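First, the structure itself, so that you have it in front of you.
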Amino acid sequence: MKKIAIINGPNLDRLGRREPEVYGRQTLADLEKLLRDRVAGAAVELQFFQSNHEGEIIDRIAACADAGFAGLVINPGALTHTSVALRDALAGVGLPAVEVHISNIYRREEFRRHSLTAPACAGVISGLGFHGYAAALDFLLL
Amino acid sequence: MKKIAIINGPNLDRLGRREPEVYGRQTLADLEKLLRDRVAGAAVELQFFQSNHEGEIIDRIAACADAGFAGLVINPGALTHTSVALRDALAGVGLPAVEVHISNIYRREEFRRHSLTAPACAGVISGLGFHGYAAALDFLLL
Amino acid sequence: MKKIAIINGPNLDRLGRREPEVYGRQTLADLEKLLRDRVAGAAVELQFFQSNHEGEIIDRIAACADAGFAGLVINPGALTHTSVALRDALAGVGLPAVEVHISNIYRREEFRRHSLTAPACAGVISGLGFHGYAAALDFLLL
Amino acid sequence: MKKIAIINGPNLDRLGRREPEVYGRQTLADLEKLLRDRVAGAAVELQFFQSNHEGEIIDRIAACADAGFAGLVINPGALTHTSVALRDALAGVGLPAVEVHISNIYRREEFRRHSLTAPACAGVISGLGFHGYAAALDFLLL
Amino acid sequence: MKKIAIINGPNLDRLGRREPEVYGRQTLADLEKLLRDRVAGAAVELQFFQSNHEGEIIDRIAACADAGFAGLVINPGALTHTSVALRDALAGVGLPAVEVHISNIYRREEFRRHSLTAPACAGVISGLGFHGYAAALDFLLL
Amino acid sequence: MKKIAIINGPNLDRLGRREPEVYGRQTLADLEKLLRDRVAGAAVELQFFQSNHEGEIIDRIAACADAGFAGLVINPGALTHTSVALRDALAGVGLPAVEVHISNIYRREEFRRHSLTAPACAGVISGLGFHGYAAALDFLLL
Amino acid sequence: MKKIAIINGPNLDRLGRREPEVYGRQTLADLEKLLRDRVAGAAVELQFFQSNHEGEIIDRIAACADAGFAGLVINPGALTHTSVALRDALAGVGLPAVEVHISNIYRREEFRRHSLTAPACAGVISGLGFHGYAAALDFLLL
Amino acid sequence: MKKIAIINGPNLDRLGRREPEVYGRQTLADLEKLLRDRVAGAAVELQFFQSNHEGEIIDRIAACADAGFAGLVINPGALTHTSVALRDALAGVGLPAVEVHISNIYRREEFRRHSLTAPACAGVISGLGFHGYAAALDFLLL
Amino acid sequence: MKKIAIINGPNLDRLGRREPEVYGRQTLADLEKLLRDRVAGAAVELQFFQSNHEGEIIDRIAACADAGFAGLVINPGALTHTSVALRDALAGVGLPAVEVHISNIYRREEFRRHSLTAPACAGVISGLGFHGYAAALDFLLL
Amino acid sequence: MKKIAIINGPNLDRLGRREPEVYGRQTLADLEKLLRDRVAGAAVELQFFQSNHEGEIIDRIAACADAGFAGLVINPGALTHTSVALRDALAGVGLPAVEVHISNIYRREEFRRHSLTAPACAGVISGLGFHGYAAALDFLLL
Amino acid sequence: MKKIAIINGPNLDRLGRREPEVYGRQTLADLEKLLRDRVAGAAVELQFFQSNHEGEIIDRIAACADAGFAGLVINPGALTHTSVALRDALAGVGLPAVEVHISNIYRREEFRRHSLTAPACAGVISGLGFHGYAAALDFLLL
Amino acid sequence: MKKIAIINGPNLDRLGRREPEVYGRQTLADLEKLLRDRVAGAAVELQFFQSNHEGEIIDRIAACADAGFAGLVINPGALTHTSVALRDALAGVGLPAVEVHISNIYRREEFRRHSLTAPACAGVISGLGFHGYAAALDFLLL
């Protein structure tokens, strides 16, 4: 049984309510259903986690490493652009991770185009909506 | 019958021979086989194109628009970082496009992290190897 | 009954003790008294909140939106200059907010002159001491 | 009898006609009425001055100092971003001044976010419309 | 009868005497003759104005708008590179304007390549000598 | 018989179809007709050339010099901002050239305000639509 | 009895396991033993604290000031480079503090060479491993 | 009879009253006496001029050229750092000019270290108080 | 028999005619003669290639690698400063290359001092005229 | 017998007389006594060297390497910020070195925060006065 | 008897032979004669010193302070732009110093406009040739 | 008899011992032998000089000019990147000089890519090892 964590950062609990013209109207619950359906019947266990606290996300990444997870799908939200601590946490555990952004960060404000966390991940998917999470999951299960 | 073009830019004809520790040992022919297998049996027509000439790629993008293609998967190679003309071409035709990079551009030289073409695409996938092309194709067929 | 929240960020709990030559000798309790006196007798309910945790302030802003508040007076403290997450939270709820700084940020270190949160607010008041909070409150009650 | 000057810089004579979606439809005459009403009955004398000429504004600030004014409310308009001479004039007279902007300068072009004159003022109010002038006046009369 | 103003900024009164190797030997009087000859017989009224004072130019632009002018040909001289107030004046009146420079600003010092006023104009002509004024006039009369 | 070349760079073959709200609805054929009509009866020969290939444009500029052309009207399109080779080609042949842009480059993205080719031209016209080509032609025939 | 706090920031709980080629194989428990041995028999009380939460570290610094501590040895980890809030907390309490880094920050990534917190400390020691903590402690006990 | 103009820019009319710890307690009248005494008996005519208006200073410089002056001593005040028009005026008349600053501009704010006008002058003297004007005058009379 | 390619980029076909005060009066034919004379009698085969098309140069570099060349002497002309694709081509084939510039790029415009291609070469020679090609050839034959 | 050199750079011969409010009142002789006392009785030989000449310091570092020294304590003074040659000398000999600054360089002018020499040292101590030298010596003797 | 040192830095020993179109044809011996004549009969002792060695100049400045000099006239030559050590030497001795440059540094390369040493001097004179030394001497003898 | 000087700067006396993986194992003595062999029998006199002292190198360059040398081959080592004085010395004597670097400076740290001295030389050779000195010598003897 392979374990994969799907981690969402600050403000993503408000998906569906927050600026729907940018992020769409679907919620985290919709995302969870989409991904659970995708791996139904396979020997995969998905764990979902969201927090507005940088420290809790770092704790969780460390816990995933200790619990033998096979990989991480992570949307760090605003922490993408400011958190060296999160980058260190990802680099420190050594798990394959894929960074996902719902909107195309290259079409937004200048400071959103830079990712501090991306060099600590295997790759990045941006602008494909919820499909980005699904493609990241596929990649970790290759 | 839906038509999708897969366009590769400068130096990608040397995939498999050029710096295999960065780009892997598979060739464009392997990529073509992977993607044709993925859509086998579906009402999809794939067209593959590679060129080391910026002007030819611009011509081809325009031709795709005139021929009623449904979308583009494009790896602009080094042109990603230097070609305003390619950006204008993509923006001008208005076709949905997904930009793909085989390696994680965030782990490479500073000047490779910036993409001039990305704002003219729907999204970007970076670092997932040939799986990036497949995920982009899936997205365009959603 | 109109509800307005007055939110203070990191280190502002130490007002009166911390660098009094910059921030003055008055405390948050003095501020609360000043503002409650100003709206005494009016159909206004004030809620005061202070935290050193970025996540808690984000949670609170979201809670204010859910509870039907009419506006926010916010002094984000040091988060003014670094928190994209706070900016997103303010922009996401859509409540009118006024950003307040006790000292004149244009007279301080270079990095304090830039505000990440200001574009998500209706306006900014800087350098007028506690009067800045009062003027912001007046504005929200116009 | 306390004397306060309200000084408006270049193009503010066209308030109400110029880009009303940015600056509103009210005129300088409306502003004067608003502020005169606010201090009606108090021992305060207000003096209003507008000019499109930097030199005239500098002359006027010096004249206010010589005539024993208690403070200045100043909206330098575009000179905010370009005039070191105006900054020197404000710093030279030593009168308490409050800088006011009708629109939120943090939401506009990059070059409008920087204020050369603000370090020579006690504080800055931006984005609160005509209420900004009123709040500045209140502050000078505290 | 269509009215067009031709406005020249600081130091252009010295055309013909000032650095003739850069600006040529013709004077403002020569320019006026050239343009009056060009529109001779047409229903066009030309008004010429030169000033070394930024404030006077702003006043004049506003006066043109109030007097129903159809457009402006403006060579702001050195104010091109430093005057936000002039840009605001041009943007505020909403008249079509063409910015003209006698010499090619791209061949001169770095700071002359940037134009603060150009975004408030319909277009810019640089380096064509007096012909630039004529071409601007033609454009406004199209 | 005086010979003048009118050269258009990448993507300008799509004039009229590409982003008409920016570039208008007229095509290169319309431009050719406009200019041929303008010089009808005069001892002038016009040559029109468009290419999406930087190398072809450089070849053509050299060919014009060898064939005794009297001047060039050139809209380098996106190459304006990226091509040192084009600048060198223009500087190398020593023919008088006028750079033309259909839209006002000062009103567009930051990177479009910089012209690498302009210092190698006599002058630049920007924002006057097809009239810019005509005014450039007039200048070369003065 | 003199009280000194030794504070370690994000990810330092993983010392000994995380990238040992950079940070060595010793753990926080080893550090605690080293320092307790160094002050054995002296009138000194050491308090050790580690957290991955910026908010908790800020709370703790304030608590140390309230409890009459004589000084702080602090390794802020990644917060060194990003936390304005932590700098404000250190500057606000006014206790002598020494910033310690196990590795030489001048030999690492560019962004690690800049310290936001250092100006709020008496001094900085970098690159001397655990000896840096010991030297800092000696300094505070001079 | 040799004629030399001594020109002072914005805010220098307030010398002696404005920030005396920076600029000293002497006035423009003291300066005039100092310089008139220095050239007493020589075939030199001094003309003194001060204005807070950039346009008036430009007009005056042109008038000096027309009236056959032999040189200029100029303290442009804050215009030193912002006025391209003043630089053009100085360069345009071709008279030898010496720029003088009472205080040492290298010890003040960053933006005061840069002089736009200095390249149009023969030399610059900064930080020597009124002696700087005298030394400039000596130089022009060599 | 050792094979060496001498590759010249855009505009170098015009050597001898283009700006002779910068590049001298000798032509590519003179260069070819100089180098052929230098290796006369040795077991060396020289191949000369010039193109104004980036794509053709990339094709040629790849072809040289496939044909077993021992090294490249390359003057990329203006592509030195703008072509990431050319850099990738050089790095991809792994042949020893020496970059040559006829003039001293450190004495020219700022943008010519930076070389994108140099890190993909063994070394660079600049400013020694045609001798630079000869010295590069010597080096490859050591 | 272990040999350690203590090297002080430009102006440090004036310690005790130069700006005592920044550097304290103790002299280099006091420093020598402090360190000799610290290693009294141990098998350590200390060598002290001070020079205002960059070249002499480079010569001395090379001589220390040739004479089998075990390490260096170095305060390069102002050369810290400007000398690539000193950095190369330190990197070239391969001896462990600790860089020491008496004052906290993070609290001083911007240009003093950057150290060119630090990447060639094992570590850096800043702001701890003479204790910094002692702690560096301890480290080299561990 | 008042003692003043005149110190000249690197390459100034070659005055009169080096680039006479920039620095004139007079030598250091001419300068010495000019200044000795100027103070002939006064109670002033002048000492002249020139060196191409930064360390020697620092040694000399310290020696001047120890020998009770009243002030320094210094032309640091190229060290103006690169030597923090010289700045520290000047600031450390506390003697009034005037920095002199023969040519107008504002008319030369960008990097010559910045002076590291000027903030450690009372003032700066630039562009007045040898007269600059004389005016500096006058100032120190006021 | 033509005289040529070969000058090597700081740390190059340690060639062969210092970082041989970067600079090779050959020494300055090997270099001298290589070059003396190359000119054996020709009417050329070579003079070799190495110093770690910037001042001594400047003195030597001036001495070469006075002694009628025909040219200089110079490897300024680290002074390449920091010494304006050396640049001035080279420019001042007017001798043809060729700057040589053993390693390819474009492949090293960012700050080594910039050369302050190169604009004062005829040309630059970088990355060709000792062959660079030989090619420079050839050039000076052409």
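For reference, chains read A, B, C, D, E, F, G, H, I, J, K and L in written order, and residue numbers begin at 1 within each chain.
We take it that a residue touches a chain if its C-beta (ideal position, glycine included) is under 8 Å from a C-beta of that chain, and two chains touch if they have at least 3 such contacts.
These numbers were taken from a predicted model, which means no experiment stands behind them.
The chains that touch chain K as well as chain L are J.
Contact with chain E and chain G alike is made by no chain in this entry. Repeated interface: K-L and one of A-B, C-D or E-H share more than half of their contact pairs by residue number, and that pair is E-H.
Two copies of one chain, chain C and chain D, form a contact in which over half of the residue numbers belong to both partners.
More C-beta pairs in contact connect the chains of H-K than those of the other pair, out of H-K and E-H. Chain geometry summary: the mean Cα position of chain B and that of chain K are 64 Å apart.
Inter-chain spacing, taken between the CA centroids of chain E and chain K, is 48 Å. If you average the Cα atoms of chain D and of chain J, the two centres end up 55 Å apart. Multi-chain contact residues of chain J (touching two or more other chains) are listed as 53-56, 82.
Chains touching one another form the pairs A-B, A-C, A-G, B-F, B-I, C-D, C-G, D-E, D-H, E-F, E-H, F-I, G-J, H-K, I-L, J-K, J-L, K-L. Of all residues in chain F, only 9-11, 13-14, 17-19, 51-56, 77-79, 81-82, 111 touch chain B in the complex they form. Interface residues of chain L facing chain K in the complex, by the touch rule stated above, are 53-56, 58-59, 62, 82-85, 87-89, 91-93. For chain C in complex with chain D, the residues that touch the partner chain are 98, 104, 106-107, 113-115, 118-119, 121-128, 131-132, 135, 138-139, 142.
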